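Structure in structure tokens, see below.
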Amino acid sequence: MDFLAELVIAFFLVVSGVFGFVGSFGLIKLRGTMQRLHAPTKATTLGVGGVLIASMLYFLLIEGSLSFHELLITLFLFLTAPIVAHFIAKTFIQANIRPSDVPPTGGEHGWSMYDDPPSDQREE
Amino acid sequence: MELIVASSVGVLTAGGVYLVLRLRAFPVILGLALLSYAANIFLFASGRLRINAPPVLQKYGEAVYTDPLPQALTLTAIVIAFGMTALLVMVALGAFIEAGDDRIDMTEADDAGKAVRKDGAA
Amino acid sequence: MIEAALIFAFGCYGLGLLLNLWRITRGPDVADRILALDTIVINVIALLILYGIKHGTAVYYEASMLVAMVGFVSTVAYCRFVLRGDIIE
Amino acid sequence: MLGRIFPHPLLSLVLTLVWLGLVNKVTPGNLVLGVALGIIVPLTTAAYWPNRPRLRNPLMAAEYALVVLWDIVVANVQVAMIILFKRNADLRSTWITVPLDLTSAEAITVLAGTITMTPGTVSAMLAADGGAILVHCLHAEDPDAVRDQIKSRYERRLKEIFE
Amino acid sequence: MSHWIIAPIILPALLAPLIAFVMRYDIVLARAASFAGALALVAIAVGLAVISADGAVHVYDLGNWPAPFGIVLVLDRLSAVLVLLTAVLALIVLTHAAATGWDTRGRHFHALFQFQIMGICGAFLTGDAFNLFVFFEILLIASYGLMIHGGGKVRLQAGLQYVVMNLAGSTLFLIALGTLYAATGTLNLADLAVKVREIPIEEAALIRVAAMLLMVVFAIKAALFPIQFWLPATYANAPAPVAALFAIMTKVGAYAIIRIHSMIFGPEIAATDGLTGTWLFPAAAVTLAIGAFGVLGARRLMPLLAFSVVASMGTMMLAVAAFTPWATTAALYYLIHSTFAAAALFLLADLVVSRRPEGDRLDPAPATVQNGLFAALFFAGAVAMAGMPPLSGFLGKLMILDALRDPQFMALGWTAVLAGSLLVIVGLARAGSVLFWRSTAVAAHVPAADDPEPRPASPIQIAPTMAAIGMTALLAAFAGPLTDFLDAGSRQVFHAEDYIAAVLGPQEVPEVPQPEPDAVEDPVQEEG
Amino acid sequence: MSSGSSLLPIIAILPFLGALIPGIMIRAGRTACASFTAIPTLLALVMLGVLAPAVMRGEVIRAEIEWLPQLGLSASFFLDGLGLLFAGMILGMGLLITLYARFYLSGEDPMGQFYTYLLLFQGAMLGIVISDNILLLLIFWELTSLTSFLLIGYWKHLPEGRQGARMALAVTGAGGLAMIGGMLILGNIAGSYNLTDILQQGDAIRASDWYLPALILILIGAFTKSAQFPFHFWLPHAMAAPTPVSAYLHSATMVKAGVFLLARMWPVLSGTEAWFYIVATTGLVTMVLGALIALFKDDLKALLAFSTVSHLGLLTMLLGFGTKYAAIAAVFHIINHLTFKAALFMSAGIVDHETHTRDIKRLGGLRHLMPITASIAVVTALSMAGMIFFNGFLSKEMMLDAAAETVWAGSAWAVPVAATLGALLSVAYSFRFIVHVFFGPVRDDYPAKPHDPPFGMWAAPALLAVFVVLIGILPAAIVGPLVAVAGGAVIGGGELPYYSLKIWHGVNAALIMSVIALAGGLVLLALHRPLDRLWQVAPRPEAKVIFDGLVAAAAGLSRRITEGLHNGAISRYLAIFVAASVALGYVAWTGGGLAPADRAMLPIPPVVAIGWVLLAVATALVVTMHRQRFQALVLIGVIGLMISVGFVYLSAPDLALTQISVETVTIMLLLLALHFLPKDTPRESPLALRARDGVLAVAAGGAVGALTFAFLLRDFSPISDYHLANSYEGGGGTNVVNVILVDFRGFDTYGEIIVLGIAGLAIFALMETLLRGQAARRLRNSDQSQDRSRDRHPLMMVVATRAMLPIALMVGVYIFLRGHNQPGGGFIAGLVVSIAFLMQYMASGFAWAQARQRIGYHDMIGWGVVIAGLTGAGAWLAGKPFLTSAYGYIKLPLIEEFGLGSAFLFDLGVFLTVLGAVMLTLYSLSRIARYAGETVNVEPMDYDPSQRAGAVGRGGE
């Protein structure tokens, strides 16, 4: 039982470490900011997720106490990570991408960074 | 570990001092922030270092705790530094808006210029 | 076994921090630096949890939660500054 | 009466769970306090969230969560492979536009989040009227396939959940 | 334990938020409350002075925790007299600010003012090193707010420099406190006094650094060379009533040096023997010289007055640096005197400068209204500041000279004081002559300008200036009893045993090994 | 204390009390004013008269009032012969001057002021001569300088008056300061500041090592006051004062103060070689030089002024001889000089008043037009010349007598020859005064038509002229006793030397010298015209130019020093500060040893080392990249994060939580400010400066680092063991840091939240000020049109923060509630909640979020501070000190034990203050932004796509 528990915990730790490293490695290896932006999201999800699971399991199986507040961090990261990525992408676009560099929206309004929101246009 | 902490304090102090001696308000603010970090770590370290012994009393067993007093002092210092920094930022902003640049040195020329304007108006 | 796994994980995230440092130093874009900082934050969260496991204590938990929260806010603030100049309009 | 105390039962439930997560211990006292806060906090913050949406299909929401989790795991591995083993020169990064049928701000946000969380794609920008998402793909052999998968796998479910 | 000891801190601390938040739209109400508070503070301070006159050291254990574990407030003659000084000065300055409308030129004047008073009183009363830091910060941040009150380009620039300088000082303060704690493990002043006595010189490096850095920190506040640079621009550009209030702020630095260096690192302590006096004395002399040169060389009135403050600090610190009870008495007398003298001049400068088209530039300009009255007041203020009889400055100067008769101080000390006085006298005479005498000459030749005649100052606007000058006259008239009180106070400071016993309890004192100071003292007595 | 001694303090105080009268009486008219001014003087004179008989009998009258006994300063007075003589002169002359001035001053002059100054001066002068305490004497001494400053500068519109006044003040003030030193040394030697005691200790004083410094310092005081060479130059310039002032101060009284002091100190200081060579030589030189200059002065008052200088020199010389005979001669000449010189000044004043000129070259023949004035002037001038039958003759003879017997540096001739020369010159200028002004033909080009003045104006000089003659003829009868008693006082008791006050002593050396002087003087006068031409072309140093040059140089130097030091460059001030701190710290450090290192070092895990690298590199990058301000801020974020993590690692979770949340809010503040500021810092410091700063930085960093390392290696025993032991039992909490914060050291925390509250207030006040002043206009015109992204409030952000706000608030509540027992507490909770709202504000804009804010930030701060304060004060109800905590455990059904204490309330105060201060700060910055042209949003997000659904729907119809 103990061995199994340790094995499981160790597994999650290793998985977490691998993905965490991959995230940071991608930040170095990939060319172009937009590409690099993909890498850390891995660390966020499986990396930190793995650690959190390992932690929960550790407290449950080794320390014998139920711990689930790690879930909160997970919840938080799942909520925030897309927004962060979104903003960093926009930060990059702001300085480096012109409207002609990206495909059109397909609708009557352009992309939000380049075009004013419809409500403003309507007021005018 | 002691070397790590001491050298961190040193590095932060050095960086802070260098920036504080710049001629514009913004780097000076950054310098003061670094100095504040250094002072806080310094004050905290005055209780000596201990790993995994936070001063949160445990109900059972004899536990060893790190010195809580410098922590409380540092906490107070951090908060005070925050209030000071906030006001400093605002004063710097005010000076910038009034003067048109964020030079931190005052020159006599400014003074004379003011007098001339006054004379011209009179 | 957990020990070894912990050392491995510590190593991964520690190495990760150095790689992030490289990126934040080099840039080249502002976005890269912000991204690197955000990744540092993520790695730090992971490290804090790892320390919690290592020492079998929950005292590191609040710190990691708060780091997650403020890390998000400051990253967004940095981005907003670049995007709009004024972070609170 | 009950509706006035629990204007947002789901949110209250989530917050109660959050509270229990925070204290990390389920005791009657914590439960009572958590429920109390779960009621009070949504009431005090109601003004900041006008037109709070209601989930029309909670079961579908659970399904969606599981799907996304699975996709995250799978796609993570794929992207890890790309990062570790694919030469940068072989990468085919591209922008794609995903036109949206969703009109709920919450639903659009969840979709955009999902796109980002599932590795390989990052949602970078919305159209000014929220009618499309600009997605950056790390490596897409077939951009249209990616777009179709997003629409069918995620947007469809979200439409059912929120609208 | 008298609860009144904490009243000078709590009264303004509760009043200030009320003024800021309840009365923030009603200046009349705010003035009334602020004034009532200042008046009450004077009454309380008088009461505390009476309490302290029994010669005992009164201790207030905050939170009912025994020293040195909690924070204590300590009332002795020294703190009592300084709190009283603060209260009286506050009343005078407040009246001026309200009468001249300065308090309406920006928001929250009265709240900041009360907080400032709170910080100053707290600094005088606290018996804890870190708590002293906190009160320093309170009085500083309130002073930042007051310094920039009313705004304007030059004032904000000067204010920025002031803030930056003091933030650097606060950083050093923290480092000093950290060193202090690292060396002794305590923060209570009495406990520190005990612990420092126990430290042998072979292990004294840390505590010596702490003592020295603390002195540097206090020297910033006291505007001592070579860190006096911040003062002239600050005082010259602060709103005049604020500059008048600042007259006490430099004294906080001086107080801290007296309290901490005299009591804890005193002249007979092995660990820190000869550490501070050696540096402090020449620094004070140079400060005096810088101030005197500044007075003589000033082109504008406000900087001139600011430099006169620098000079007065130098004069006073000469006596402080002698670290003897009698010299400290002289320093304290001079401290009180120079506070009122500086306040009087700054307040008067406000009345004059606001009526002069030339502002405070020392150029001839047409005489303003009430030239004669202002001239007379300036003359009186200058007499006080320059240390001429019959006002208190002369007595203070005599006492300081008398206290510096020791050959090791005499040559430098006397030369500095006497030569400095001469420069200050000449400088003030030049300024007064240009401001008030040449102005009448100009008026005689220049036809009346088109500008509307400035409004004459009302009696209530002049009263605070006269009150401040009157205080210097009173100080001179009642120099005897006052000096008695101060002398007893400085003896109390130098006799730390009473303080220690009062704070830590009598049982602690025997544990303090006394041979160190005795060993130093005996040969001196044998020689003498 | 003899009978009547209580009169002495009254005499001393009367003039000061009287000084109030003119101000009151001036409304009653000029004559009434003058009359009432005379009353205190008269009263004092009468009282002096009451005391005089006793003094003449040889008694010394004393009175003492304690003043500052600790210093040895008391208001003690004594009246002996010398004091009586001077007091009589001061008061008597005061009366005459009061009378004279009533007529002399014109209607436009502020007479009330004049009489006030006059009485103040009189009081000061009187004080000098009856002080029995040298510190008290110093006070009066300085007061004469001050009051004479006022009197000389009385005609404020005259530049000569202002300059003369300042010069007099500078010179006599400097002398006074030197004298302070001298007197203090004297008191130090004697062990007392009481004159009576000091006068007893002449031998001890002269034997002291400190005698010479004391002597020199005191002499500087006396010489400056009495216009002795080389300090003589101020006196003629003081003549810009109205003539009554000149007559009073510059002939009769103030300038005699120095002489008085020499006489007073004569028993103690005289009789040494130093005294003789310094005093006698100075006097001799002054006498001759003054007389020589007087001869060539065309201004009547200048002539008289230099003659005064000369006579003061004479007096000084006599006292300097150190013989009793010479001292008696000096006393006698003091009286004589007073009578003739005051009368001469008044006469000169009358001439000036009537002819509107004092230029001798424009005068002449006045004896026909103003015979009374001429008579007075001639009589007194003859006395000045030392002519027989006038009092000046008598004392001059005594002077020559004394000079004839004086050997100077081995030469028996030097002094007699010089003295004769002085007398000769004196004859010459006196006769010039008589002949060139009053004799000769009447001219027709006087600026005004001269005639004798009214009686009131010539009465005073006439009276003095009568004395000149009376004393000249009957010296022993008129002033004999006074000279004896005053002279006795000067020589310090004992036998009076042989002297006799009579006209004819037979043909002796003095008479021969006198005759030579008379003859030579007349020859000189005859040759005056060619000599004058020679004099005018001869180069000679003009003292005023030198003095002005000196003062200007001093002022210029001061200005250069001041402006060189205080050049407004705070970077330099800070550099000096850093250098001084490091240097002084180093000095302190090297003065003591270090205990042996007894603390084992903790290991350094690799991850910690990596964290250190991040911190160090980020710091280095902040320094090297600081000119790109935004990038520097990003790096600051890294540093803050590493420090927080460090705190966690080093067992300080509370600190970590605080650090990371403060960090975030600070960065947001900086970003808000940076919005307005330039985004880049120009490279301005030259390389040398950067090198200097680098050296300073490394030195400071090295020093602080070394200090840290030093104490980290050494164990200590802190007081905090008590806190750990009593935290739970006494403070009711297990998080010791929190218990310290809210209980053990709650007072610090109370102060800390007040700092925050003040910051909020000050920031708000500054914002309001900025928006009202000129800055507001500049803000309005500032160009905010950057290349900005067009989405201000992106949908995703809005939605995410909406979901996060309640969660973050839960976290805040959690951190707040658990703080007492686990890491957390009011401060961190306040920041967490602030950050939660900040997210909302960032997402949906300040205006929209602000509109949903129900509690004002001002109120939050106010409530916070007041709650914390009242919680602390609540302990008073239980009779306990401020901040004494009370707590209990409430057992609610279902809920576990729940600790509720005053600490909770206190922490609530902290929470509210923090929240209010942070939000008020952001509010203020945001207001500025809006003022600078930002528009306000009313919608929470740029565009709500559900509108699109509606629009599409409508469009479809």
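Brief remarks on what is shown
By letter and in written order, the chains are A, B, C, D, E and F; residue numbering begins at 1 in each of them.
One rule holds for everything that comes next: a contact is a pair of C-beta atoms (placed from the backbone, for glycine too) under 8 Å apart; a residue touches a chain by one contact, two chains touch by 3 or more.
From a predicted model like this one, the values you see are computed outputs, not experimental measurements.
The chains that touch subunit D as well as subunit E are F.
Across the two interfaces under comparison, A-C and A-F, the one joined by more C-beta contacts turns out to be A-C.
For subunit C, the chain with the farthest CA centroid is F.
For subunit D, the chain whose average C-alpha position is most distant is F. One inter-chain figure worth recording: subunit B and subunit C are separated by 24 Å, centre to centre, where each centre is the mean of the chain's CA atoms. Measuring from the averaged C-alpha position of subunit B to that of subunit D gives a distance of 41 Å.
If you average the CA atoms of subunit E and of subunit F, the two centres end up 15 Å from each other.
Note: centroid distance subunit A to subunit B, computed from Cα atoms, is 33 Å. Counting partners per residue, subunit B has 16, 20, 25, 38, 40, 42, 45-47, 52, 54, 56, 69, 73, 76, 80-81, 83-84, 87, 91-92, 94, 98, 104, 106 as the residues that reach two or more other chains.
The set of subunit A residues that touch two or more partner chains comprises 18, 25, 37, 39, 67, 69, 72, 75-76, 79-80, 82-83, 86-87, 89-90, 94, 112-118.
Shown for subunit E are the residues in touch with two or more other chains, namely 130, 134, 137, 141, 144-145, 148, 151-153, 161, 164, 168, 172, 175, 179, 181-182, 187, 233.
In the complex of the two chains, the subunit F residues touching subunit C come out as 605-607, 610-611, 613-614, 617-618, 621, 630-631, 633-635, 637-638, 641, 644-645, 648-649, 653, 656-657, 660-661, 663-664, 667-668, 671-672, 674-675, 784, 786, 788-789, 792-793, 797, 808, 811, 815, 822-824, 828, 832, 835, 838-839, 841-842, 845-846, 922, 925-926, 929, 934, 937. Of all residues in subunit A, only 75-76, 79-80, 82-83, 86-87, 90, 94, 112-119 touch subunit F in the complex they form.
Note for the complex: subunit D touches subunit A at residues 18, 20-26, 72-73, 76, 79-80, 83-84, 88, 91, 93, 95-97, 99, 112-117, 119-120, 122-129, 131-132, 134, 136, 138. Taken in their complex, subunit B has these residues touching subunit E: 16, 20, 25, 28, 32, 35-36, 38-40, 42-43, 45-47, 69-70, 73, 76-77, 80-81, 83-84, 87-88, 91-92, 94-95, 98-99, 104, 106, 110-111, 114-115, 118, 122.
By the touch criterion stated above, subunit B contacts subunit C in their complex at residues 52, 54, 56.
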